[in-house]
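Please go over the structures that come below.
One chain, subunit A, appears in both complexes that follow, with subunit B as partner in the first and subunit C in the second.
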Partner chain A sequence: MKPAPFRYHRAASLEDAIATLASAGPDDDVRVIAGGQSLGPMLNLRLVRPTVLVDIHRIEALRAIEPLPDGGVRIGACVTHAQLEDLPPGGAFSAANPAVFPAGLADVLRHVAGGIAYRAIRCRGTIGGSLAHADPAADWPSALAALGATIELTGPAGRRNVAARDFCHGLFETAIEPGEVLAAILLPGSGIRRWGRGKHCRKAGEFAHALAVCIDRGGDGVEVWLGATGAAPVAIALDRAFVDGVAGSRASAALRRTRMRERIAASLPAAIAPGDAYARHLHAQVAAEAVIDAMANP
Partner chain B sequence: MDTADAADRAGAGPGESATHAESGAYASVGHPVPRSEDERHLHGAGRFVADIAWPGALHLAFVRSTVAHGVLRSVRAPALEAGESFWTAADLQDIAHPIVAKLNRPGFQSAPYPCLATDRVRFAGQTIAAVVASSRARAEDLAEMVEVDIDPLPPIASARAAFEPGAPLMHEGWTGNHFMKFTRTFGDFDAAVARAEVHLTRRYRMERLAPSPLETRGCLSVFDRAQGRLLFHTCCQRPHIQRDFLAEQLIGIDQHRIQVLVPDVGGAFGVKTNLYPEELAVAAISIRLGTAVRWIEDRMEHLLSACHARENDESVTIHANRDGEILALEAEYLVDGGAYSMLPSTSAVEANMSANVMPGPYRIRNYRATAMSACTNKAPTGPYRGVGRPAACFAMERTLDELAHVLDMEPHELRRRNLIAADAFPYTSATGLVYDTGNYPPMMDTAVRALGHGEVRAAQQAMAPDARERIGIGYAWYVEQTAHTAKEFFARGSVVLYGFESARIRMDIAGSLTIETSVCSHGQGHATTLAQIASEVTSIPMERIGVRAGDTDVVPYGNGTFASRSVVLAGGAVHQACGRLVERLRAIAANLMQVAPDGLSIGAQAVHGPAGTDPIPFARLAQVALQYVHELPAGIEPGLEFLASYRPPVETGAFSAGVHAAKVAVDIETGAVRLLDYLVVEDCGQTINPMIVDGQVYGGVAQGIGQALLEELRYDAQGQPGTVTLADYLLPGFGEVPEVRIEHQHTLSPFTAYGMKGTGEGGCIGGPAAIGNAVTDALRGLGVSVTRAPVTARDVWTALQAARARDAAGGASEVGAEPAHTWMPSR
Partner chain C sequence: MNAPAPDLIDLELTVNGTARQVRAEARTSLCDLLRDALHLTGTHAGCEHGVCGACTVLLDGQPVRACITLAAACEGRAVTTVEGLSGPLVDRLRAAFHAEHALQCGYCTPGMLVSAVDLLERKPEAGEDEIRRDMSGNLCRCTGYVGIVRAIRSCTRG
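The block that comes next holds the complex of A and B.
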């Protein structure tokens, strides 16, 4: 189980990485590797066979978590899941940077990061790598879409931003153009009123079979984002009155979940697991749990 | 070495009464001594086959079939560089015979399993060619460039398809696509059936599993031109048997020129009892090249082609009285054995074992069993921890719960009514197994009490009608035949008869001890257990006793580690050899003291004479035996080496027993099953090291939980494997295994040293049945019952939906039921 031969370049800087991508020949298949927790096994199984591998994980500039002037947060592409799992609750970014991390955002990031695979994988796997890889069953694509993140891409023509909700195009397909590197994830700092999450795995640490994140920012509607659908994350918009009605109902918990699940199932796109009643049930169930979980938060 | 508190010692057998350990000077039989193996493994200092460095060793990679069934038209070599080589069947035909596994039973059909495919491929993953290069990566690059031309044939992708009229014949000269099939009837079956008031039939399926040791297969075969010898480093369970097989298969190399060396082995579970085509090819190629060749299997190869197990479809009918007495039992097993039989256990091992052990701990005298082992286009199956017993236990214990439900009895009451009584031993089962000792009813009581049966029933009563999580409890019984020897294997038709184990004991001039054992640990802690027995007999402390194993040039001939035999047989051999050593030391001491040896005792590494005399230390006696032979009378042979080959006085085995009890919560909204509690009540006689016994139970239970809830090798209708990585084949992790509770009982064997019994397999036998019963118990009110292992969330939810749909009609639903499982082919 060894990868097919490839040339390996460890990039010293983002510029170096972009230059290396740009210098690839017409017959080259260039892949960027960061933590290697998904790409590594795929290389070894020879499911991907790049001719050139550009390793960006030593680029210090991509490993920073920084405050943004608007109160948001910029997370470098090579920040590991473990770094986010270990964010101090409501604390400063770091000793050198006394700005306070937005508390609600930190809670969501900690929760999502801490649920990814196993600690050993979280110590090497990166948020940017996971997003760029765009495995639909991964945790970040739906979570970052729900959080309203913006993805910062850098290429030979400079920098451009793509909304996380438009970033994943399908199975292993993203908005990244040839020659571009995913450099950072930009997150809005305020506005999370309540949040909730649902996830179903057959065993701990496995890729999810159903995944949902609900971020409530107030307003007329509540959006729940579904992952692990086999393609790009999917948003289902729920009417505020309906959500409040279910959440505030005196019915039993089972009945409230059933009402929420049936409402979500009615909006579940037909393209998700067509013909598989259990998988479709599970997506609706897990999404309902995320919404109800969010509404139960103070 | 710490000496454990006497209160920690297990049991109250003969091994307890007169031990040197009472003095507190050293640890011995019955103590939970920390394992001497652990330090090196915890420091990463263990040495496995892949760790053995060998200058100039070349790496081998196999080209494997990508189709399940086809005619092999041609294999074209890649462009090779200097020092690289390419091998097909034609290159090996005059150095290695194809492997042919046989069973001496009427109707058994065998077929050659070539180390590289000749004219046909019969499963996806079968070895077709090999390439040898300077690195594994380069060898894989070359393997990828090999052009293979196969004309596909229609595949047989299930056991049932093998018996369909018009199915293509899998092997030349066969009379049908079965390795073996038989029906046997025991007792006055028809009369008992006629007497019965209740007849209950249920069908089940246990899926195909990959035994999955941490360390995959692998070998480093070195042809030593200086000595003209083959040094075969491998990870196996039976070094001498492996050497026997290699000598038989390889052409032109006499057995004395083959040395099998087994370093640390990272788990085996039966998978490493077989001689594989890959291993034979590596040996043959290293001889041909006159050099060292290494093959370390990767996980994908393991999931594709190492011995698979189970895939056992079962149909059970219990004929009983209304008071719960079982009058007769009928069982049919249909196993998908894969394309070839493994050497030596064959693809019939699963079905035959299931049929043989089905009555278990119950007093069932009238029994009819059918066992069919089908030949299909899937990877070969063979022995995996428990062999046939998890499936038999699943079928028997699930059906008992169904019967209890029909009779409106508590499941444990029904079992009590049928357990073999304590005064019935030795007990000969309907199929002729001789249970040496046992005391089953108190184990049922212990399980019911320790699981909190009454509390669970009260909690179930109190549960809200729309509760999301439903709790349930389930029990599963088994008996475990251990340490059976030649006559028993002969009766089963085995070609290899595993009659004894050996130990050579050497005392050196410093008075420390070396044990050379024929068994071969793959994680069982033999270096600790065997040293404990030697320490018990000799009074020498554990840290002065070394244990060597796994080198056919060093250790005496024996059969190795499998079938839960090592502690009884190798322990028995150590016990005997140490007895001879002690006898020699007493004789030497008696001569020095000028007294009769009868009155001399052993203790604190010395021989003690009459009161008032000074004890003589072992080191002084060793000096006389090994060096100062002039002090040795002519009647005493010099030297302190003793070989004992232990053949037990009873060859039918020592029978351990256990009852597993599971408590689960089933999420009726997702179908997910959560284990809340898992209890094992086990009886393996006298325990030598209770901590090692517990370890055997914990590991086995984890595997049982895996097959109960997660593990399942899938093939599609074309015979294509769908589970080739551990992302698809789910193994339990520590998140899936609760803290297992163990209750011990000690019913001694009358014929083994200390009354011990083996306990290697029991842990993995009860899981699917206990958990299947618990899930069914949880969902009983919803009309759902488990019929398939693993019990998946998808199956549970689907069955719940079906039950709801039929609710108005009062129907019931089965978890895992599929139309294809509802018939058995004609016999």
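The block that comes next holds the complex of A and C.
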């Protein structure tokens, strides 16, 4: 249970990290490491055998949570889950920075971050590392897609942005090109009216078997994003009249959830857990819980 | 496959309040550094992939898994292992683990103590449900959790 040997470079800056990636030889397998809470186990199990590790977690510029001029929020790639879990109540950025998050956003981030694995993992694991690793069962890919986030990538050719909904291409596959580093996550400034979350794990803290996030910003439709599908997150669009009808009905909570689940099950893409009736039921059920939860929020 | 020559790194870090200088291979985990180079064998290597929690230590006061934290990433930082835990809260917790029979073989205990100290410092009024949820990242395979939860609970302000 020890990693194969590698060379280690602690990057002093983003430019240094990019230059190190660019200087790799043809036989090198270079990996970027931040908190190492996904890569660490894979190194120990020798599922990956990089020849060079570029450690970006000490780069101060990647560790900040900052307000943007347009009212949005920029989260550096090396911000830990624990930093987000510990965001002050009331939506302020920090005790030192009284600027406030767009309505509802800090609550969603706090909730999603606080539900990841265990505190010892959250104290090292980073939002950017989790996203770049793109395990479909991880919490951030679907949550950031639902939040309408933009992913900022920096490489030798400069900076480019990719929408979070287009970022994950499949199992461990993302829009990151060789030589690029995921630098930040940008969140929009528009307020969140209501939000809800569903997550199913057999044991507290383990990877989810089904995940869903519903963010309601007003608008004609309601979108629910499903994670843990084995590939990229998937969005299911629901008609607002239907959602309001179910949420506002006088039926029992169980019956409302069943109606929502049946509606979502009818739209569940065939590629999700084909032939596995239990898994498909679970995805639809957890997505229904996210929507019902959102509608129950004030 | 050509194995690269070992990349040796000189590290300076503070362990249990003492400044230490160590040379280690780049691939060394913090857990192996503590146990093999510094002979602090209180930190236990269990699953070695971040699941069981036996190797939990404090890094700059925050709990981390020493098995999936590279030693090289700890340059200049302060590590507290179970050997270095001290203070009135820790004394009470140790006595409570004894009184509640919260250990049997003791393999998970260093990680349990480190995680419990962090939990009690962050959430001094935690109830049983919160304790069970927050301690779910530390596995015990013999005594069971009843005594462990009871011991931690007896140290809350609830």
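Assume the second predicted complex is superposed on the first by the 294 of 298 C-alpha atoms of A that agree within 3 Å, B and C clash if a C-alpha of one lies under 4 Å from a C-alpha of the other, contacts with A are read in each partner's own complex, and residues count from 1 in each chain.
One rule holds in what follows: contacts are C-beta pairs under 8 Å (C-beta built on N, C-alpha and C of every residue); 3 or more make two chains touch, one makes a residue touch a chain.
Computed from a prediction, not measured in an experiment: that's the story for all the values here.
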Superposed model, subunit A: greater residue contact from subunit B or subunit C: C
Touching partner for A:Arg10 - first (subunit B), second (subunit C), both, neither: second
Contacts of A:Gly205 with subunit B and subunit C, given as first, second, both or neither: both
Partner chain(s) touched by A:Ala253 [first = subunit B, second = subunit C, both, neither]: first
First, second, both or neither for A:His57, with subunit B first and subunit C second: second
Partner chain(s) touched by A:Leu43 [first = subunit B, second = subunit C, both, neither]: second
Touched partner set for A:Arg110, first subunit B, second subunit C, both or neither: neither
First, second, both or neither for A:Arg193, with subunit B first and subunit C second: neither
First, second, both or neither for A:Ala277, with subunit B first and subunit C second: first
Subunit B versus subunit C as contact partner of A:Lys2, first or second or both or neither: both
Contact residues of subunit A, present in both the subunit B and the subunit C interface: 1-5, 41, 45, 203-205
Footprint of subunit A on subunit B - complex, ascending: 136-137, 140-141, 144, 298-300, 464, 466-468, 669-672, 710, 725, 727, 730, 732-733, 735-736, 792-794, 797-798, 801
Subunit C contact footprint on subunit A (complex, rising order): 1-8, 10, 27, 33, 36-37, 40-41, 43-45, 49, 51, 53, 55, 57, 82, 117-121, 123-124, 203-205
Contact set on subunit A toward subunit B in their complex: 1-5, 41, 45-46, 200, 202-207, 252-255, 257, 277-278, 281-282, 285
Residue ranges of subunit C touching subunit A (in the complex, touch as defined): 1-7, 9, 25-27, 29, 32, 45, 48-50, 53, 56, 59, 62-65, 67-70, 72-73, 75, 115, 118-119, 132-134, 136-138
